[in-house]
Amino acid sequence: MSDQQTNLLTRQQIAARAAQDMEDGWLVNLGIGMPTMIPAFIPAERDVMFHSENGLIGMGPPPAAGDEDQDLISAGKELVTMVPGGAYVHHTDSFAVARGGRLDCAVLGAFQVAANGDLCNWRLPNQTSGSVGGAMDIAAGSKRVFAMMTHTARDGAAKIVTERTYPLTAGGVVTRIFTDMAVISVTGDGLVLDEVAPGLTADEVQAVTDAPLIMDSVGTIAIAA
Amino acid sequence: MSDQQTNLLTRQQIAARAAQDMEDGWLVNLGIGMPTMIPAFIPAERDVMFHSENGLIGMGPPPAAGDEDQDLISAGKELVTMVPGGAYVHHTDSFAVARGGRLDCAVLGAFQVAANGDLCNWRLPNQTSGSVGGAMDIAAGSKRVFAMMTHTARDGAAKIVTERTYPLTAGGVVTRIFTDMAVISVTGDGLVLDEVAPGLTADEVQAVTDAPLIMDSVGTIAIAA
Amino acid sequence: MKNKKAETLEDAVSRIPNGATLLVGGFGQPGVPEVLIDGVCDLQRRGLTIVTNNAGTGHSGIARLIEEGCVGKLICSFPWAKESFVFKELHDAGRIELEIVPQGTLAERMRTAGAGLGGFLTPTGVGTDLAEGKETMNVDGKDYVLEKPLAGDFALIKAYRADPRGNLVYRKTARNFNPIMAMAAAHTIVEVEEDVAIDDLDPEVIVTPGVFVDTYYVTGWYEIGKERNAS
Amino acid sequence: MKNKKAETLEDAVSRIPNGATLLVGGFGQPGVPEVLIDGVCDLQRRGLTIVTNNAGTGHSGIARLIEEGCVGKLICSFPWAKESFVFKELHDAGRIELEIVPQGTLAERMRTAGAGLGGFLTPTGVGTDLAEGKETMNVDGKDYVLEKPLAGDFALIKAYRADPRGNLVYRKTARNFNPIMAMAAAHTIVEVEEDVAIDDLDPEVIVTPGVFVDTYYVTGWYEIGKERNAS
């Protein structure tokens, strides 16, 4: 058995892998945290636009020093830029984009993902309240929802589960899961283990995954040198 | 008994009387036909803005010869202008203004008005269909609805009735009625005859009005020389 | 970047199949995509459902589409204008179905579809013929009609300018239903007077973001109802 | 023409009574009407309901209003940010009520109020804690939550420029909730960086028509969170 600890992907590596799935012509919404690292890994020739629910269609990278504009931020409240051909909209129009099926993909962090695609990412079960933000709207409305997270919780508990035990964000919406151990697709037949991190075996991934994984054809996550 | 025919107000005179009720600071929507004659009778020092449901806030008078713009029309499809400080909006925002209570007044033509303020102006009872346009939305949403019409139908039938017999446009919305014979207010106590045309008596107006009129204090419509 | 510019009128509209629901912009003449409509006429499709405010003028545009037998159903607010005699003739002959929708409700139903919502409660039409068969609900003591979303397979709209992303701006009252229809259709096809370079439209003033636009076709300026040069 | 320009901050906000519901614009720092909020703080009202996306930052703005005991209830989407420690402290002490609303639903509920509608059906929140106690309806095989309008007695918003009619334009992501809140309140009070003459705003690019604006107050440019000059 390999040493899992050393074979876990870094946050950058998870972002780089998720970036491979961002297709030419897509409009994508990125949740706060790890998903915001994705754009840096998308090749310049691939045309992917980013939507930020606070009213930005065509969000660009952080500004160069001296170009900061305090009125131009992302939903994660970081200073950003606008790409050529972008547009500003108000909040209601921005969520019309999100809920109306115009997002090709949303990449969101998650506490728990169930085998049926249930997404739980807004409130921990031991908390009486949470900060929902735009997560429920975006998760309910996107054509695809990618969950991006560590494979297990800090205490080692499985986050990919047969049935969710955490408060629901949106039911049956997750289409693919990117973790520090694997890439998993949510299908009508169940969870399909598509790829594992270099140095890990499919069985090692299954061992820390509560839901059963279909392992008919498991590849290895390609990592740039 | 006076000769009613000669004492009826002209269309211009009805418009001039209705114009007296347009208050400073109001935003007003004008239905097609007679109501569109009102703006010409509003004194220049009185600030009344006009809303046209096809996306104009701040509709101005017809253009001077040579200034016509085919892309600038009223809901009645006449060429118009835009006043300084006006704004263009799309159809949904325009009807948000109308339904959302931002119109201080709508002045609409009517086939029939009932004592409770029911407005009937979109379809005749012998027709299977009608052209509703924006009438139902505007009538339902305006703070006040003024009905502007001939007092009786061409065949002499009363148009101001105890209970409507025509298809409803909006229930209980009319607040005042301007006709070629009278000005009548719709109140919780019933219809109040406020003013009659010069040369007419209150009884003459009641005689061609199906609904009972309260005649406690009846004035005469002031007509400019 | 995906090329959204159609080089020919046929390229712009040819994907429209028989039986499609088309949202067609315009109020009066301003904002009517007359060139695109002619393109659809040339396809000679059958059984189209047309959603638009009016029922056509004279023998051109929507009236031509109706006259040539392409339209099975019309959803509009103002069908019985004098100039819509072609529609009246076919409707009287039982050859075209009609659904009348109050104008604000028509706009709002399309927006509802575009915003991914399942319906809305409106005071418009309460107690009228046009609310028959629809659910009525009372909220805080006031009655409302429950109205459903109205989506299009295609929107045919007209704008003033487009950039390569498909961002759009409009002219005056030619804006009308066009931005709403762009949101409400699976595929939005735009005719524009002119196209401009990326970044030539200020992102603060864009009315329709390009995300709602699939294809645009440049027509140049023309006057509706007049003979056009080859476009 | 009605004069909508307030010459002093007190004139702009003094009509706000105890117990009023205030819609307060902004997302993060952009678009937060910090000057107006300070003006409301100075009034020392009690029992206000505040509708806004966040729960305040540090000790200024909304956080100051909360800290000074003016707020009885907060309706927002994102209450538990680290920088909202003042809100957390008062909430833990049971001194402020909280209603969490998904961000898109929050915006849409205000638009619904502004558009004179009685509610809408949204897929957002179906099956979640936040749909508890709300009616669920199935339309064409899909479940939706019925959400009600959310109106304000006052909106406090921030814009970039105003003309004497109260027409507004915004800057970049400082637009956010502001135009929606302007529609949804009985009285809308705006702080603007600068005012311009009538006709200086192109009617094609106005985001909030003046019909939605009652009062504006000119603050000049300032950086939120920094010491301001007397405004």
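First chain written, first letter: the chains are A, B, C and D, and each begins at residue 1.
Everything that follows uses one rule, which is that a residue touches a chain if its C-beta (ideal position, glycine included) is under 8 Å from a C-beta of that chain, and two chains touch if they have at least 3 such contacts.
What you see is a predicted model; the values in this text were computed from it and never measured.
Interface comparison, B-D against A-D: more C-beta pairs in contact at A-D. Inter-chain spacing, taken between the CA centroids of chain A and chain D, is 30 Å.
The distance from the centre of chain B to the centre of chain D, each centre being the mean of the chain's C-alpha atoms, comes to 36 Å. The mean-CA centres of chain A and chain B are about 57 angstrom from one another, to the nearest whole unit. For chain D, the set of residues touching two or more other chains reads 108, 111, 115-117, 122-123, 170-172, 204. In chain A, the residues that reach two or more other chains under the touch definition are 82, 88-89, 92, 95, 98-99, 140-141. Chain pairs that touch one another: A-C, A-D, B-C, B-D, C-D.
Interface residues of chain C, counted against chain D in their complex, comprise 108, 112, 115-123, 137, 139-140, 142, 144, 148-149, 169-172, 202, 204-205. Those residues of chain B lying in contact with chain C across their complex are 52-56, 69-73, 75, 77, 82, 88-92, 94-95, 98-99, 123, 129-138, 140-141, 167-171.
Chain C meets chain B in the complex at residues 27-31, 77-81, 98, 100-105, 107-108, 110-111, 122-130, 170-180, 207, 223-224. Contacts from chain B toward chain D in the complex involve residues 24-25, 27, 47, 49, 51, 57-58, 82, 84-89, 92-93, 95-102, 140-141. Contact residues of chain D toward chain B in the complex are 1-2, 111, 113-117, 163-165, 167, 183, 198-199, 203-204, 206, 209-212.
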